[in-house]
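For reference, the structures are reproduced in the following blocks.
Consider the two complexes below, in which chain A is the common component and chain B and chain C are the respective partners.
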Partner chain A sequence: MIQAISASDYLQPVHDGAALPPLEAALKNLCRERFRRIDRFIQLALLGSARCVAGRTLQPDCGIYLGSGLGPIGNNILTQQQLIRDAEIPKPVNFVNTLGSSAGFHVARNLGLRGQNFFISRRGASLQAVLGAAMADLTHGVVGQALVGVVEEVTLPLGEHRLRQHLPEDRTLAEGSHWFVLQPGTGDSRSLDLKRFAEFATLEDFLKSVWRTGDRLCCARSMETHAAKTMQRGFDAGALSGPTSAFHDSLEAAWLAAFAVSREPGTLFLVDGHPERGWSLFYLGA
Partner chain B sequence: MAGAYIRGVGLSCALGEDAESGVSAMQRRQVRPVVLRLDEFDEPLQMPYYRIPDRAELFDAGRLERLLPPVARAAVAQAGLTPEEIHRLPLFIGSSCFSIGLSESRYAAALAHQSETAIPMPLCGYQDIAAILQRALACRGDTYTYNTACTASANALLGALRMIELGWYRHALVVGAEWANRTTLAGFSGLQIVADALRPFDAARKGIVLGEGIGAVVLSAETDSANRLRVIGGASNCDTWSVTTANTNGKSVAAVLNQALEQTHLRPRQVRGIKAHGTATPAGDTAEALGIRQVFAGLPPLSVLKPYLGHTLGACGINELILFAGALQRSFLPATPGFETPDPALGVQPIITPEAAPDGHYLLNHFGFGGNNTVLVLEKTAP
Partner chain C sequence: MMDREQLKLELKQMIIRECEKDLRPEQIPDDAILIGSESGLALDSLDALQIALAVKQQYGKRIDGNNQTRVALTSINTLANFILSDSVP
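Then we have the complex of A and B:
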């Protein structure tokens, strides 16, 4: 049994004409040292992870699993402008921070961790990728604790940010940093489990066997559409507690984190898959 | 059942456009970097570079889509997977650059065409390599794309290995992909760690020489009687001393080596050889050498492969695994070109002539920006 012993959820809509919300003051209170020359993606990772840990001491070999669909897009834009538009050699700090692992480095340094530190993406299903990798390692016993986070950054101007993601002009955008501390064991915390199914019918049968009134169902956006509709028809899914109006690339993480930090009863089931690749079911219980 | 077998491989790098010819070229000690020049800067950049010997223009936007599929197909074909197995094949990808070269090309074209509306980073995210592979192989399995700098494909392999061991997958395709792009070339130049030649662990070492390479490995829970190579485990840790290098006292390197040995129930004296990371930077080689010495009382033979194919960054884990495994299958440990003068401060010397590679266990080291240290453990057994 794996438990989510802590969670944090930062989700901030960014509206047209508005500046990005400043993060420096919050970081000053949350970070052990003052990190200089860090980009917004790193700031978001530090903010979410520090809030999730919130005074708790993690095991030093706790693994970090950071996921993102877009990664440090703001820094990558700056670097590409320096290089292509301005024909300048990128500044070393900008170049180094083009790598997703720079954010994990700062999170590890801030929290005093020295375990494995992975950045994994699966575009809009990056939560499923990092949760899967973390749960594999926890089940395997490779790590005794996992700090799992998903971070998505918004860049200005918002019109360009939408264009990059092929989003309609009126789509509200959000940035987010959603984190969980997972470890094996039983206790008062919410349990997190993952089951994998080759056949959709087996998934349905399993879900029917464990479903209780008041449970929540979240069909991932990467799930095959017909199966998602079948699922939503077949279960009294209830309203998701997470926000659905503002978009970022890993909204499933926002839903899961919002449910994790709430005291709502029941279980949230996150289902994903495709007839050609099989099905996965993450469930976060009471 | 612990571990997973290397069932099929594909490789395209400076040594050649398939794995067998790459190993043969390494056996012949082929070292052929080209001279690369980037004229768009006020002060043009010139550096040696290990390029894949195709005939395309180096920064051609369609190059990745041409280079990647044949490598993956070669690995899958050698593994002998059924169409159904290929259909559900999960992909584990490690890269530092992903599709940044494509993004650069599109942005440059847009600037040239209509600069006011050109959008930087027109392609974003990390999914393009997976998408190309899924189209080419008609596979629809899960994808995991790792971006942990120079340990990316080694970490991707660790991820695949652990999920195979848990029975989540029977087979996995692990791919490392690094190809020429301006961001990487100019970025490393800006860091001032690019040298004129690779001299790993040498007293006169000055830094890295970059290369491009695409490698693919089919890892499998099952094997056939001819298969002699199995990845039996590994370990990864994070050193927060510096974002660009492991602590030069060697402690985090020693820690990850010890974790890998512990995880695979091995003692140092059971290790028959080490494929070192050997970037040839002053600090990187210091950290690695001191770490190795803290673990091994008697040093096993040490090979560095980067002088053959350059530093292929996020792909080096898979590319060097394929070459090293190929050498083990031919029962030799590769020599290390470029090493001439021992550095007394390091106390390690890579082998300069090929040595015999007996059955047993071998370590493969990888270290990267972001504090990432990863060691893989490979087992060679009698057929």
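Then we have the complex of A and C:
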């Protein structure tokens, strides 16, 4: 059994006309050194991971699994502008930070971790990707502990950020950094499990067999289809309480993190998948 | 002709800005070693690249891999000498 022994949730809506909230002051209190050469994506990763780990000592070989749908998009835009618009060589620091793994490096350094360090990007399903990888490694003993997070940054102007993601003009956007510490074992923390299904009907049958009144159901954005809505109605899942409805590419993580630290009874089920790729069901139980 | 003292001040400001150092220009001696383990500024190879690019953009002088130009990054004095020299950018 895998436990979520800690979780953190930074979710900040960003409204039209407003500046992005500065993160330096918060980081000064959370980081054990002042980092140079960090962009906003790295700042968000440091903020969320440090909050998640606060007051806890992780195993030095704890693996880091960082996911993001858009990755370090602000820095990527800057680098592309230097290269293409300005026809100049990008600044080395900007170029290096176009890689999402740069954020993982800083998280590891800040927390004193020396284990494996992954960055995975999968639009609309980055949380599922990193959770799946971490749980496989934990199950097979590749790592004894996993720090799993997703980070999504917002870039200005918001109109372009929405356009980039094919979002309607009135959609509220958010930045997020949501992290979990997972490890095998049993205890007081919530347990996390994962099952995979080839057929959607099989997943539904399984869910029916374990569903209890008060359980929560969250369908991934990749499932925003008739099937997802039908499923929500069928399980009488109701509205999930907690995080804002503001959007970022890995919003499922906000629900999972909020539920992980809550004392609410029941289980949160997260469904994700596609008829051609198969289906996965993450569930965070009591 | 560029004023040498003014140039050295600009270079210190540029290094502080490009390398995100919590320093004031007067805290960087003109002859202090800039890069590497002997550097009191704790600048590394990525900082060297960052400075080289900034020098190219700001002064049109290219610091490349050959020894003569690489020496330019030894100190503020050598960097100022390099920029003020007649070498082809």
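As a convention for this text, the second predicted complex is superposed on the first by the 281 of 286 C-alpha atoms of A that agree within 3 Å, B and C clash if a C-alpha of one lies under 4 Å from a C-alpha of the other, contacts with A are read in each partner's own complex, and residues count from 1 in each chain.
We take it that a contact is a pair of C-beta atoms (placed from the backbone, for glycine too) under 8 Å apart; a residue touches a chain by one contact, two chains touch by 3 or more.
Fair warning: this is a prediction, and the values are worked out from it, not measured in the lab.
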Superposition on chain A - do chain B and chain C clash or fit: fit
Touching partner for A:Arg109 - first (chain B), second (chain C), both, neither: first
Contacts of A:Asp170 with chain B and chain C, given as first, second, both or neither: neither
First, second, both or neither for A:Leu99, with chain B first and chain C second: first
Touching partner for A:Glu88 - first (chain B), second (chain C), both, neither: both
Superposed arrangement, angle subtended at the Cα centre of chain A by chain B and chain C, nearest 10 degrees: 60
Partner, of chain C and chain B, that touches more residues belonging to chain A: B
Which of chain B and chain C A:Glu24 touches, first, second, both or neither: neither
Partner chain in contact with A:Asp188 - chain B first, chain C second, else both or neither: neither
Touched partner set for A:Arg34, first chain B, second chain C, both or neither: second
Per-pair minimum CA distance [chain C against chain B, superposed on A] in Å: 5
On chain A, the residue positions that both chain B and chain C contact, one per complex: 88-89, 91-92, 96
Chain B residues touching chain A - in the complex, by the definition given at the top: 40-42, 45, 87-88, 96, 100, 103-104, 107-108, 111, 118-122, 124-127, 130, 140-149, 155, 159, 162-163, 165-166, 168, 182-183, 186-191, 235-240, 243-244, 252, 255, 263, 368-372
Sites on chain A touched by chain B in the complex: 61, 64, 69-71, 73, 76-77, 79-81, 83-85, 87-92, 95-96, 98-102, 104-105, 108-109, 113-123, 129, 132-133, 136-137, 139-140, 142, 160, 163-165, 196, 249, 274, 276-278, 280
Contact footprint of chain C on chain A as seen in their complex: 34, 36-37, 88-89, 91-93, 96
Interface residues, chain C side, partner chain A - complex: 18-22, 46, 49-50, 53, 57
